[in-house]
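Here come two complexes built around subunit A, the first alongside subunit B, the second alongside subunit C.
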Partner chain A sequence: MHDLTPITALGGTNARVETIGAVTCSEVPDVALASVTARLGKESQTRTAVKKIIKADAPDVSRFDGGDVLAFWAGPEQWMLEAPFDSHEDIAARVKSVCKTNASVVEQTDAWARFDISGAEVLAVMELLCNANSRAMDVGACTRSSVHHLGCFVLRRAPEMFSIYGPRASAGSLLHAIITAMHTVA
Partner chain B sequence: MIINHPLLGPRDSAEFVYLGDANLIERPDPEAETAAREFYEYAYLRDNPAGEHRELWFHEAGDRSWLVVTRNTLTHEISDVQMARDVARSKGRSK
Partner chain C sequence: MNQINRLKGGQIDRTQTLNFTFDGKTYQGHSGDTLASALLANGVRLMGRSFKYHRPRGPLTAGSEEPNAMVELRTGARQEPNTRATTAELFEGLSAQSQNRWPSLKFDAMAINDRFSNFLTAGFYYKTFMWPAAFWEKIYEPIIRKAAGLGSLSMQADPDAYDKGFRHCDLLIIGAGPSGLMAALTAGRAGAEVILADEDFAMGGRLNSETFAIDDASADVWVQASIAELAALPNVRLMPRTTVIGAFDHGIYGALERVSDHLAEPAPGKPRQILWRIYAAKTILAAGATERPIAFENNDRPGIMLASAIRSYANRWAATPAQRVAIFTNNDDGHRTAADLHAAGVKIAAVVDTRTDAPRSHGYEVLQGAQVIDSKGRLGLTFAGVKLADGSMRTLECGALGVSGGWNPNVHMTCHQRGRPTWDDSLAAFVPGGALPPGMTVAGAASGNLSTHGALQTGAQAAKAALGLKGRLPKLPSAEDAPVSQTPFWYVEGCSRAWLDQQNDVTVKDVKLSHQEGFRSVEHLKRYTTLGMATDQGKTSNMGGLAIMAELAGKSIPEVGTTIFRPPYTPTAIGAMAGRIKGMDFHPTRLTPSHYWAKERGAVFVEVGNWLRAQWFPIAGETHWRQSVDREVAATRASVGVCDCTTLGKIDVQGTDAAQFLNKIYCNGFAKLAVGKVRYGLMLREDGIAMDDGTAARLEDDHFVVTTTTANAAKVYQHMEFVRQCLFPDMDVQLISTTEAWAQYAVAGPNSRALLQKIVDPEFDLSNEGFPFMACANINVSGGLRARLFRISFSGEMAFEIAVPARYGDALMRKLMTEGEEFNVVPYGTEALGVMRIEKGHAAGNELNGTTSALNLGMGRMVSKAKDSIGSKLSEREGLNETDALNLVGIKPLDAGDKVTAGGHLMNADGPVDAKHDQGYVTSAAFSPSLGSMIGLGFVKNGSDRVGEKMRLVSPVTDLNVDVEIVSAHFVDPEGGRQRA
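This part shows the complex of A and B:
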């Protein structure tokens, strides 16, 4: 019997939280992810399936929507589904059972590291971090852009709160970039 | 240089990777009798225009779509940007 210790993307046993000045960056490890990509000619069926899963219309370009299970636009006819890990550890299997052969579903849970950045100066931090026009993004907007040369998803969840999904293997580098930007703004 | 992505709007060219001539979309029919000659031309022969050039760009740090960008190689002015899949479909491909 293996005796394995679960660790976060940064290697800790607890999620890391850093507050510098008026901005807080929190590692968010308890998320399950799966990507959904419509197969050729099955775009409308896939949209219907996504709608069934998130109980809202499949998000349009650069948007996210949903509740407990949330979908964000990742590319043409392509979405990432996000849900609490505790209740949706098997997210890919569940999504596949709804999409069937209309879409390709890929488990993404351990491919990404999520950081939530919040606070009064969050926009100044986001401006230093990436090209995305974060001030023009309203709540419900998302985009994929590069942060510190890493392809990341950026979601504006609240006026003063952004989520950044970056490649998990580069979580340390991504955190370094975020912390550096936070120090600059503080 | 800014590329006006058809779905995402203006994006910095640093988010993209350049592949080359948009004619790479026009892969010859491997079953054709003249396939050897056509593949030779497809793989090796390129125009190198001083002026308007249609080329493929990949939005690597973005939504990872392929674009056909019409760019003037003398001025870097970009006159047209389309999704590569729309270009291919308009030619009866990927149906």
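This part shows the complex of A and C:
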């Protein structure tokens, strides 16, 4: 076991949680990510591998699916696989062992910072943040969208809960945008 | 004086009395008042001075089309100029000042301009300030600029926040008058996602200002019931205080919501305004119509207003501009104002109707076939001069005159995408026509249906058509359906100083003069006279100007045409455009994994693109940045230094064709690069010019990690994706950015290996044999953490770059510092990094400046002839291969105390110093602690053959002129022995 202590994208040792009015924003550092992209001509094999890992069909465009390990659509024949960090820190190696040479697998865990936004007024916050039609997104929908000039993934996990994945290095700027929107709505 | 002109009734809340000041004097109004209605209720008609002649002015309208009644609202940093008193909601403590006057509103010294009006006609500035030409910039323009404008800025930063947002809907309805409400009811009941936006704080449109009934009850009852029904529908969103300002491409509309403008200051954390981008599948424009005035001599005195505005003030705000009011009209609508005022107890001096068959009234006198031809009153209307049908004159004593020349549909938004309205002879007005913005239909008065029934009906029809609803129209409430007849009557014959555009002081005479002087296009008229410019954009004036132009040119009004309608519909603050993207939040900031540690160390940061990078790390006793940088360089070269180089772009390239793909991207060969090796690569643009450089590490046969320069990380990734998707779609290659996923540190210096041996797990051999220069490997550090190690050097020293998942970057940096104590390890910043790379002669962004080729950079031979790569063919073109082409060289001053500066140009040791004799230029310069003098990198013609030559480095801009020697670009360790050690 190594002796390096991790910090969150916001620089803390613990995840930051902010509640303003009826909306809560939580930093979610305990998540592991790996991108899976089908190699040319290996699309069906990759879908089969993804299905095996998430125990559900590889999600269609703008969808996510799965359980403990889930996949969300990230591009043509490309998915981002997400799993609990504690049990899946080696997510890339594990996914690669299933996909073999059918897909290109890249560790993305620390490329992103995840914020979960939840509460009764979450839709009002989301529509201040990004041009994704968040009201029309059902649970299971995801999309790429720009938030505060940052390319992000937006997932609707529950009727009153969204996840935003933004670039890790800009987590502070992304949080600033989210907090500002929460104040506007509060 | 306490609300002497307040009437009974209205929609104001009399239980809420609000105190406010105007020009320092305290008044009282009520909740629901606008500043204009409250001032009128208090007997104040004079609210401003005109732009050019400083003539006394009061409100002309009761809405956003107001040209005159503009004030500076609030004080201090929140002071906002040119705010329309007619739309400013009253709040407790509101403070407003009149503008464009000195020393006071009632006595304005600049009103002397009015006496010189014969000189200040259209084109005055163009004619007067032409000569001498040299005077324009220094003398004329500053004076004119000082005199121009209306309100003043506080010159303080706006303390309020603004926000931006995005909304989507099936149907956007612009305007919540009878047609908008009916459309919203129809669409909302059908389950469509509807947004109903209205610029007013009270929805209802004209119905708020009328006394007639809907369904046998007051219109207000129907309005309130409709709003309540809509508010209860989850699929309908009501957006009052929201002006849709423009129709943009793809069904996108801009809408400004005034969240806090009606409050003294925004609640904590709340924005003042939100600029919404509304994505609408369909849109109904129900923006209503604007009444048009009739021009007559001195028609601009305070108290002379649009008849519909006087009716609004009386019915909605229970305020009248005077207790004795006259009406001047050419249509039946003017009579409504007279009837309503009469019913409210206001004395009607007379209704002056241009029509000889005008309807008569039992309550007041109607002068048929008569015209108002002049007015009197120094600071407000006192008398109106009337020419009766028989030619005789009569003077009416009145404090206000309501003028009605008919109604113009508000077609603006239909024209925002270059559509042109069409002329409707029956209305004598422009109506929507031609190509509307896709998805838009128009309903109600905006479409030319000026009766309430017409508005309700077309609103329901438009919603039904927009959504493709089947079946019958919903049952419409019964409402007035009076026939509308508008015959043109633009101005009174014989007038000259009759104001068309009250905001810009443009008269009938000005338009005639413009025509006389040859400005016959409507666009030229606008520019020459300023008709229709400024905050109101001519909403009450353009038609009058067009009509006069048409008459003079012997054309019809549609032949003359309109000027282009452009967004925004009403003035929009720049702050709202910026939203929260301002100050330090103007762009997102990127922090490196060692940022928090570097901050603790007192690092000085520099912005590099969006990144914040440590520039240097001062220690106790250092008072100048050079001391810190020199120390960092010396310590690194003497022992070991660590630099955060996470910001370099990292692109993961995988696939069976990954190596072939890199062969296309880079001008040098990559197909044969062994697994576990790194190679320097140069990318060329299609035109053969260098684009970016970096390294590619082959971790596996089908897996590379490409690095780019910090500045070009996104650009190179974009370029590679373009090449992958568009140029070589048949290649099996996948790309993804991993720049932020890994914390990457350069560990450089003779003790770098010794330091890393304490970090890297012992099973990995870091010896020169086990891990030679340009090696790479997946390793473990610190007891099992996955990491990557590259043996590459930017400094010229023995060096490594070590990468761990970003979350462990902070801990790794701390560990490197702790474990490196025995080697006197130093962190170094971008300045020391820059110094060392110049000492080593590595090209960077300054050299890869978009004009230089591989040949210029001394890498001509790297462009492989054995394969085809992007840019290789065009790098062979003649212009890039001249015999005296620029070559990268080192520059050293002959006198070690002399400066070398980037941007300086190199000249021969003798001969003229001019552009013709230019030999090259310096791109990078720094003080080299290793050499004890400043040094530089630069490009010199045929530089490879001129090493040892003495030249002059000159900069006419900074008076630099020093003797330098051309040397090898590799100042330090030219043989490369250190990095291979």
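To be clear about the criterion, the second predicted complex is superposed on the first by the 182 of 186 C-alpha atoms of A that agree within 3 Å, B and C clash if a C-alpha of one lies under 4 Å from a C-alpha of the other, contacts with A are read in each partner's own complex, and residues count from 1 in each chain.
Note that a residue touches a chain if its C-beta (ideal position, glycine included) is under 8 Å from a C-beta of that chain, and two chains touch if they have at least 3 such contacts.
Source: prediction; values computed, not measured.
Taking the superposition on A as described, I'd like to know which of subunit B and subunit C A:His176 touches: first, second, both or neither.
After superposition on chain A, A:His176 lies in contact with subunit C alone.
Once the shared chain is lined up, is A:Thr143 touching subunit B (first), subunit C (second), both, or neither of them?
First partner only, subunit B.
Spot which of subunit B and subunit C makes contact with more residues of subunit A, would you?
C
Just checking: does A:Leu40 make contact with subunit B only, subunit C only, both, or neither of them? Give me first, second, both or neither.
The answer is both, since A:Leu40 touches subunit B and subunit C.
Which partner does A:Asn131 reach: the first (subunit B), the second (subunit C), both, or neither?
both
When the two structures are overlaid on chain A, which partner does A:Val61 contact: first (subunit B), second (subunit C), both, or neither?
Touch status of A:Val61: first partner only.
Do any residues of subunit A touch both subunit B and subunit C, and if so, which are they?
40, 78, 131
For subunit B, which residues are in contact with subunit A within the complex?
Subunit B residues touching subunit A: 7-8, 11-12, 14-15, 60-65, 83, 85, 94.
So in the complex, which bits of subunit A are touching subunit B?
Listed in rising order, the residues are 40, 61-62, 73-76, 78, 131, 143-146, 151.
What residues of subunit A sit close enough to touch subunit C in their complex?
For subunit A paired with subunit C, touching residues are 1-9, 11, 20, 29, 35, 37, 39-41, 78, 90, 101, 104, 106-112, 127-133, 135-136, 148-150, 167-174, 176-177, 180-181, 183-184, 186.
Once bound in the complex, which stretches of subunit C touch subunit A?
Going through subunit C, the ones touching subunit A are 161, 163-168, 193, 259, 268-271, 274, 277, 279, 580-581, 585, 587-592, 595-596, 610-611, 646, 652, 654-657, 702-703, 730-732, 734, 736-743, 780-786, 804-808, 810-812, 815.
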